[in-house]
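The following pair of complexes shares a single chain, subunit A, combined with subunit B in the former and subunit C in the latter.
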Partner chain A sequence: MKIPLRLAKNKDLPSIGINHVAETNLCSQTLQLLDEYRAFTRSLSVMLENCTGCGACAKACHSYLGTGDFFNIPAARAGLLRRIFVRYFTWSGRIFGGFAGAGEIERGILDRWVEYFYQCNACRRCAVFCPFGIDTGEVVLAGRNILSRLGIVPSFMADIARNELTSGNNTGILEPAILDSCSFLEEELLEETGLQIKIPVDKPHTRILYLPSSSELFVNSDTLMAAAKVFHYLGLDWTLSSMLLEAANYGLLFDREVMKKHNGRIRAAASAVGAKKVLMGECGHGWRAARMYTEGANGPFPFQLQHILELVAECLPELRLTKLPIRATLHDPCNYGRGAGLVDGPRKIMRACVADLVEMTPNRDRNFCCGGGGGLLMDEMKQIRMQLGEKKAEQIRSLLPLDYIAVPCASCKAQFPLLIKHYGMGEVRTGGVIDLVGKSLDMRGSAVFAGREPNLT
Partner chain B sequence: MGGKNVELNDEGFLAHPHEWSEDVAKAFAVLENISQLTEDHWTVIYYLRHYYQRFRIAPMIRKLCKDTGFPLAKIERLFPSGPAKGACKLAGLPKPTGCL
Partner chain C sequence: MEFFMGSVLPYGAFSVFLGGVLFRVSGWLRTPVPFQLTLFSVPRNRIGKICLIFSEVLLCRTLFRQDKLLWVWVWLFHLSLFMVIFGHLFGIFYLRDQFCLVGFRPEQSQVLSVFLGGIWGTLMALSLLALLYRRIFNLEVRRLSSPDSYFDLLLLLAITLTGIFMYAPGFHPELHDVRAYMAGLLLFDPIPLPRSPIFVAHFLLVSLLLLYFPFSRLVHLAGFLVIRLMLVEAPPEYPIPGHKRPRSIFTISKFQPEIPLFSKNSVKREGRSV
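Coming up: the complex of A and B.
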């Protein structure tokens, strides 16, 4: 199935550290890059050598279930790369060729990689159901990395990577706008609560550096306002950084070098304010990148790394919360449930904030992706994303009537409103988990308000 | 647009924001199926332009609503593609990107 994905132009690549490869060299370069990748990531060879084609992944994959396209079966998707690997890097493939599942490298295969590696959200649900634990999400990311180094990059990814590398956030917000937006949100908080709740930027000698999703300074401002309320309530010493106003790291989704470079800003931003703790906001893949890759990419790091949902879950006994009279559910972002084990914290928080919490089926590490993850939020992919989200829509429909779906990830926050409207459930509201804490928190219990000593968690 | 050629990027936004004029906004309105640009449309368009000229980025949606006095639902009625993809296009801003 052809996809309408727009690719970055050659002239736009050097600014993100990528050089385009001449058409005549594409095939030889592909083999060289695959060879380098398998040497660096040995698990890739294991995953490419051990698939028996049993098909257990087919019904586990929302992309295949939503599109019905054979090559969206994870084994078939990975097979597009596997056949090249087998042909050039295994003895059986070299000798027996097609009989051993091998395929010659040719220009057309790269187009197939683009089509099918970008219909995968890299949600890794297939890995949970594969008897060998083969993680097609990782095979897809390997394929996207190779494509990227060939100069084949979606323009959406290239634009975001450029913003990350120049301004330190996906949206490209520069310091004057950050200061203006934060002072506006402080006024909004004052109007709402009557309290002088600060959203500090670049405050020196600060204990906690908070990295929100930059979308919180554009569309998801409720999440940042709620976080500021909670920090104020707990008396935490925190700041944002104009150098890194971002939890996300799109490099994880298409290019290791971009990932590593952008990740390096965490250390720089933390040391600029002297932070002892880096607290990550509601962003799925960003949490996985920070939690699982910072140490290897730029470590060891001289600060503690924590997710805001873990911190708030720990501090629940200190928060005076009034349960909201709503029926709500939690969507486990793939990169929390399967990428970094963040499933209990958000549930504890929600049980404290809403009267009726209902679980999706399946959930936690078996939850279905919403179809917006893995960097597929580009407009031109909207129609396909709606197909990818069909299983998620079914899960939600079975829980109706619902007032609220908590989606503690900025990609999910972008996908959900479109998805539920597309499937005729536009009346259900969506937003973060922290947003709920902000709404149910009784600020009269605040540490600062009560004149208590700040809690230096 | 308005008798002048302006370059659009692949996403249909102005390639060079300085080429914006009211005629450009009117031509975009036709493409966006907005039958007529009312005073309310111009209020949003000029607010976005002034903000962009100062900060090189589109304002937060919450700030746009507060400063124009228009609730989000009204802005979505005025610009059916929404504030980011519709209003910003008519105002000649680059398309906002990120997890949006």
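Coming up: the complex of A and C.
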């Protein structure tokens, strides 16, 4: 199935540290990059060489279930890379060739890689259902890494990566705009609660650095405002940073060098404000990148790292919450459920905030991806994303009537409204988990904490 | 020729098998795992992790969850393979008297050994046929297969069938001869192969399997554990101390942020608003 993916132009690549590769060198360069990648990580070779093609992953993959395209079966998707890998880097492929499923490298195969590696949300659900635990997400990320080093990058990713590297956030907001919208949100908060709730930026000597998703400044501002309310209520000493106003790390999804650079900013930004703790906002792959990749990318990290949902879940006894009279469900973002093990915190919070919490089936680490993960949020991919989200739509439909779907991930927040509208369920509202805390929090309780520093770890 | 088949081939095949598998596994283990690939939810303590891996190894837990029918055949095949290998070891060494060790009379042990060997062998053949059927008639799996996927199954099936065929009257090799031959191999003093065509065929096919094993997908018997160990690794704890060993050379190369750490504007704004 052809996908309408727009690729970045060659002249835009050097700004994200990628060099264009001439058409004639593509094949030889691919083999060299593949060789480097297999020396870089154990997962690629061991996952490609052990697949027996049993097909158990087919029923686990929302991408295959939604599109019905054979190459969207995880084993077949990985097979596009496997045939080249086996041919050039294993004994069986070199000796037996096509008999062992090997194939020669050719220009056409790279087009297939682009096509199918960008129809995968890297949600890792196949790894949960593979008898061997083969994670096709890893293979896909390896493939995307190789493609981007060949100069084949979706322009959407390239733009975001450039923004991340220059301004420290996905949308490329510069400091004046950050200050401006924070002041605006402070006014909104004043109007709503009658309290002077600050949203500090670059405040020196602060204990906690909060990294929201940059979309929270404009689109999902309820999340940031709710977070500010909770921090104010708890009397936390926190700040945003203008040099890193982003939990997301798109480098994780297509280029490890970009990932490393952007990840390195966490440490720099935390040192700059003198923070002891880095608190990550609601962003799925961002939380996985920070929690699971920081050590491997940039080594020692002298700060605590926590997710805002974990912090709020810990502080629930201190918050005076009134249950909202709504029927709500929680979507477990793939990178929380399978990628970073954050499933109990959001549930605890939801149970405290809403009267009727219903669970999706399946949920937690077996939850289906919404179809917006893995960096596929580009406009031109909307039609495909709707297909990828078919399973999720079915899950939601079986829970109707619903008032609210809590999606604590910025990619999911972008995908869900489109998805439920596409499948005719436009009346359901979506938003973060923290948004609910903001709505059900009784700010009068904050007086209890006035003037004291809560002893949080 | 007889010398080659009876003496060179078994040693050669076994060395290739052992050396090849060790080489491949050590090749995987030598490559770094630059990032934790923990697949949640994973047990926190060591006992939980060991239980998880054992339930995967012994029961194919994941497959059971996903596809019960496939699980039946896969699990049955691996179980019968395991049983048959043990049956060979004990049956040949004790000349079918192995059940005397648990209190049976010799004639009972003979019958039981023949009976159990026949049952497990048949189950193994049936499960292989079922897997082959699935590979051919399930459209998805057929497209996922390459010629070697069929070859693996057919080779195992051929070994099983020649094994079962030895039960047929007239084709039965003398167990004494087989034991004497195996003893000769183990004591590095090989004697000629027993004169039974069906035994020789069975023996040659097993040698072929051993030769082929390390190069094929069958090596998943070992690779499986390598993957599982990656997936149950403990996630990092923060703060990460400076003396912790780097996970790979990727960790070591340094990065400096390109934009200034502090900006006057924002500090001024803070000053005003406080």
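Keep this in mind: the second predicted complex is superposed on the first by the 446 of 457 C-alpha atoms of A that agree within 3 Å, B and C clash if a C-alpha of one lies under 4 Å from a C-alpha of the other, contacts with A are read in each partner's own complex, and residues count from 1 in each chain.
One rule holds in what follows: a contact is a pair of C-beta atoms (placed from the backbone, for glycine too) under 8 Å apart; a residue touches a chain by one contact, two chains touch by 3 or more.
If you're wondering where the values come from, they're calculated on a predicted model, not measured in any experiment.
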item	value
Partner chain in contact with A:Arg124 - subunit B first, subunit C second, else both or neither	second
Greater subunit A contact set [subunit C / subunit B]	C
Which superposed partner A:Asp379 touches (first subunit B, second subunit C, both, neither)	first
Partner chain(s) touched by A:Phe184 [first = subunit B, second = subunit C, both, neither]	first
First (subunit B), second (subunit C), both or neither touched by A:Pro176	both
Subunit B versus subunit C as contact partner of A:Ile197, first or second or both or neither	neither
Touching partner for A:Lys413 - first (subunit B), second (subunit C), both, neither	first
First, second, both or neither for A:Ser215, with subunit B first and subunit C second	first
Overlapping contact positions on subunit A, where the subunit C interface meets the subunit B interface	176
Subunit A - residues contacting subunit C, complex	38-43, 45-47, 49-56, 58-60, 70, 73, 75-76, 79, 90-92, 95-96, 98-101, 124, 127-135, 138, 165-168, 175-176, 179, 198, 200-204, 242-243, 256, 260-261, 264-265, 268, 271-272, 291-306, 337-341, 343, 364-365
Complex contact set, residues of subunit A against subunit B	6, 155-156, 159-160, 163, 169-174, 176-177, 180-181, 184-185, 188, 213-215, 217-219, 221, 248, 283, 377, 379, 410-411, 413-414
Residue ranges of subunit B touching subunit A (in the complex, touch as defined)	10-11, 54-63, 66, 84-85, 96-100
List of subunit C residues in touch with subunit A within their complex	24, 27-29, 31-42, 56, 60, 62-63, 65-67, 70, 74, 138, 140-141, 143-149, 151, 215-217, 219-220, 223-224, 226-228, 230-231, 235-236, 238-244, 246-248, 250-252, 255, 257-263, 265-267, 269-270, 273
